[in-house]
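Right after this note come the structures.
Two complexes, one shared chain (chain A), two partners (chain B, chain C).
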Partner chain A sequence: MTSAPAAYGRVLDLVTRVRGVRGAMLVAGDDGLVVAEQLMEGIKGPAVAALAASLASRLRRAMEAAGVGAGQFWHLQAEQGALLVVPAPSGVVVVAVAEPDVNVGLVRLELLRAAEAVG
Partner chain B sequence: MADDVKALSAELAQDPDSLVFLRLGELLRAKGQLDAAHRVALTGLERHPHLADAHDLYARILADKHDFERAFDEWDMTLRIAPDHVGALKGLAFLYFKVGDVQQAAAHLEAAQRVAPDDPGIVQALALAHGGEGGPGPASPAPEPMASSPAAQPLEEARVFAGLEGAQEGLLLLDPSGRVLGGALKDPAGRDVTDAVAAYLAGVSQEAGRAAKLLGLGNWTGLAAEGQHGHVHLTPPTGSALLLVVRERAVPMGRLAIIAQRAAVAARRWLEAQA
Partner chain C sequence: MTTRAIEPWIFEPLVKFVKEAGARLVLLMTSAGQVLAQHGFSRAVDVMSAAALGAAIMASTDEIARQLRQPPFAALNHQGERHGIFLAAVATGRGRLVALVVYDLDVSSLGLVQLFFEQLAVDLQAASPKDSVPKQVLAADFERELSDSLNTLFGR
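Entry: the complex of A and B
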């Protein structure tokens, strides 16, 4: 488990090094506050973090109600890009913002690794 | 007929590369031995992946097994290989008819009629598609899905997802406040969880839209999520409605997106009809 804030940077590096990723964040799942971020200029981190945490929470409850179990990865697709999210066991949510032509499979793998490192 | 199956099986065993699997698969399908027909068709397809008739045979077996999504893919593949394949044109017409897209059904039947103008089954099906009196007639050839399937019966217009697989356990159409417009959802134990899931999803469409806007990503087009025991896919079929597709984990995410696209077409059509 990575606990020192300095180590969060290394965790986020796992994600942002993937070609097509515009930024990555660690977000507290319960209150939607940014824990750490590496974002390209112009991305409104705190607002995106709040919405991502809220979406993750709604989805988690809906998925549990549907009987498909806890969400392990989700992918918001939009016309000009994507938001990809993996929840870590601690409740922190690892978020990536990506270009539309990003290799989603690769980002997913790195997000899962990052979530494992965060613990 | 059993002797025919034996004879054709023996012929195929002697020459596994022969095209006799087409006749054997069709014969087994006609006898209702769908699992055996499925095996024969799949083995044949492995040896002849570019043979349009093999994809057509496989599609008809899948349609008989009510696996309409994969049947669609196989007939679609058939037409990519042989654009004038009458069986595939009729098969796709059957599937379009089944989901209530009469216009597409008629277009495919008209294309089939241009290739086979004397096929009485196509004439009857076209009459049905155009709202005529013609129903499935006795002259229709038995192996064709248009004639042998319940698709040639009146559509259930009232149901949003009529004819789509999982319409009553894995597809849900919601309004912006989470009210159920159509479909239903059951959990793996078979319990109805429609209302509970709908309540949690109220407002998701707006939140997804706001997140995408904040990031400068344009309109959101879908939200796919992997769960421990299953996958879900959310799509906005129109600006405010929300479509949810749930499938077991064995269904890959890419396939889920295709299922969601098809369900979105049905949902959009239904919403337009209600407007």
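Entry: the complex of A and C
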């Protein structure tokens, strides 16, 4: 498990090095606060963190209610970009903000690796 | 859940904040604990207690900041098992107001409350009358003023 802030930076590097990713964050799932971030200018980190964590919490409850188990990966596609989220077992949520034409499979792979690294 | 405001300019920003942040209880008051608006409280005695306690906590943290030679703390959060309490000051044209927000952890989060509180501060600043400060309540008028405020806050 990765715990030092510098190591969090390395974890985020895994995600942001993918072409088309505009930023990545580790977010505390319970309170929606930013743990670590690497974002391009113009992305409102605290707002994305709070809303993504809230969404993650509601989706988790919806999936539990539907009896399909815990969510592993969420991809929200918008006109001008995408939000990709992987919840880590520790409660941290790994979030990527990407261009609309990003390689989703590659980002998903790196998000899963990042989630594994943060525990 | 009802939202009521003694001063009408507070009502709309407060309703928006409650809806977006998913707050359970909100008090907006002066630094002295004079309540200007409330959401979610059903008993006057609870409003009076919460206002007194909130104002006292703000006064304590302001004093700690003063002793540390720091500007006043921006906000204070206290998280329990099921609820969180967020206490922060906001500058308005009517002077410095204090907001006390109680939120359920399964409905909202500190991040959401912080996020929408920033917007509440902007909205209150824009909506507040610029030409006056809150009327100081004299000791002789205190009981009548308190009674009038509570009647307004609970729609009596």
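Here are a few things to note about the model shown:
Please note the rule applied: the second predicted complex is superposed on the first by the 119 of 119 C-alpha atoms of A that agree within 3 Å, B and C clash if a C-alpha of one lies under 4 Å from a C-alpha of the other, contacts with A are read in each partner's own complex, and residues count from 1 in each chain.
Please note the rule applied: a residue touches a chain if its C-beta (ideal position, glycine included) is under 8 Å from a C-beta of that chain, and two chains touch if they have at least 3 such contacts.
Every value quoted in this text rests on a predicted model; they were computed, and no experiment measured them.
When the two complexes are overlaid on chain A, chain B and chain C sit side by side with no clash.
Contact comparison for chain A: of chain B and chain C, B touches the greater number of residues. Chain centres taken from Cα atoms put the angle at chain A, between chain B and chain C, at 110 degrees to the nearest 10.
By the touch criterion defined above, A:33 lies against chain C but remains apart from chain B after alignment on the C-alpha atoms of chain A.
Applying the stated contact rule after C-alpha superposition, one finds that A:53 touches chain C and leaves chain B untouched. After superposing the two complexes on chain A, the shortest C-alpha to C-alpha distance between chain B and chain C comes to 9 Å.
Put simply, chain A uses residues 47, 51, 54 to touch chain B in one complex and chain C in the other.
On chain A, the positions that touch chain B within their shared complex are 42-44, 47-48, 51-52, 54-55, 58-59, 61-63, 65-83, 97.
For chain C in complex with chain A, the residues that touch the partner chain are 79, 105-106, 108-112, 114-115.
Considering their complex, residues 27-28, 30-33, 46-47, 49-51, 53-54, 57 of chain A touch chain C. Residues 185, 187-189, 191, 193, 196-197, 200-201, 203-204, 207-208, 210-212, 214-232, 246, 249 of chain B are the ones that touch chain A when the two sit in their complex.
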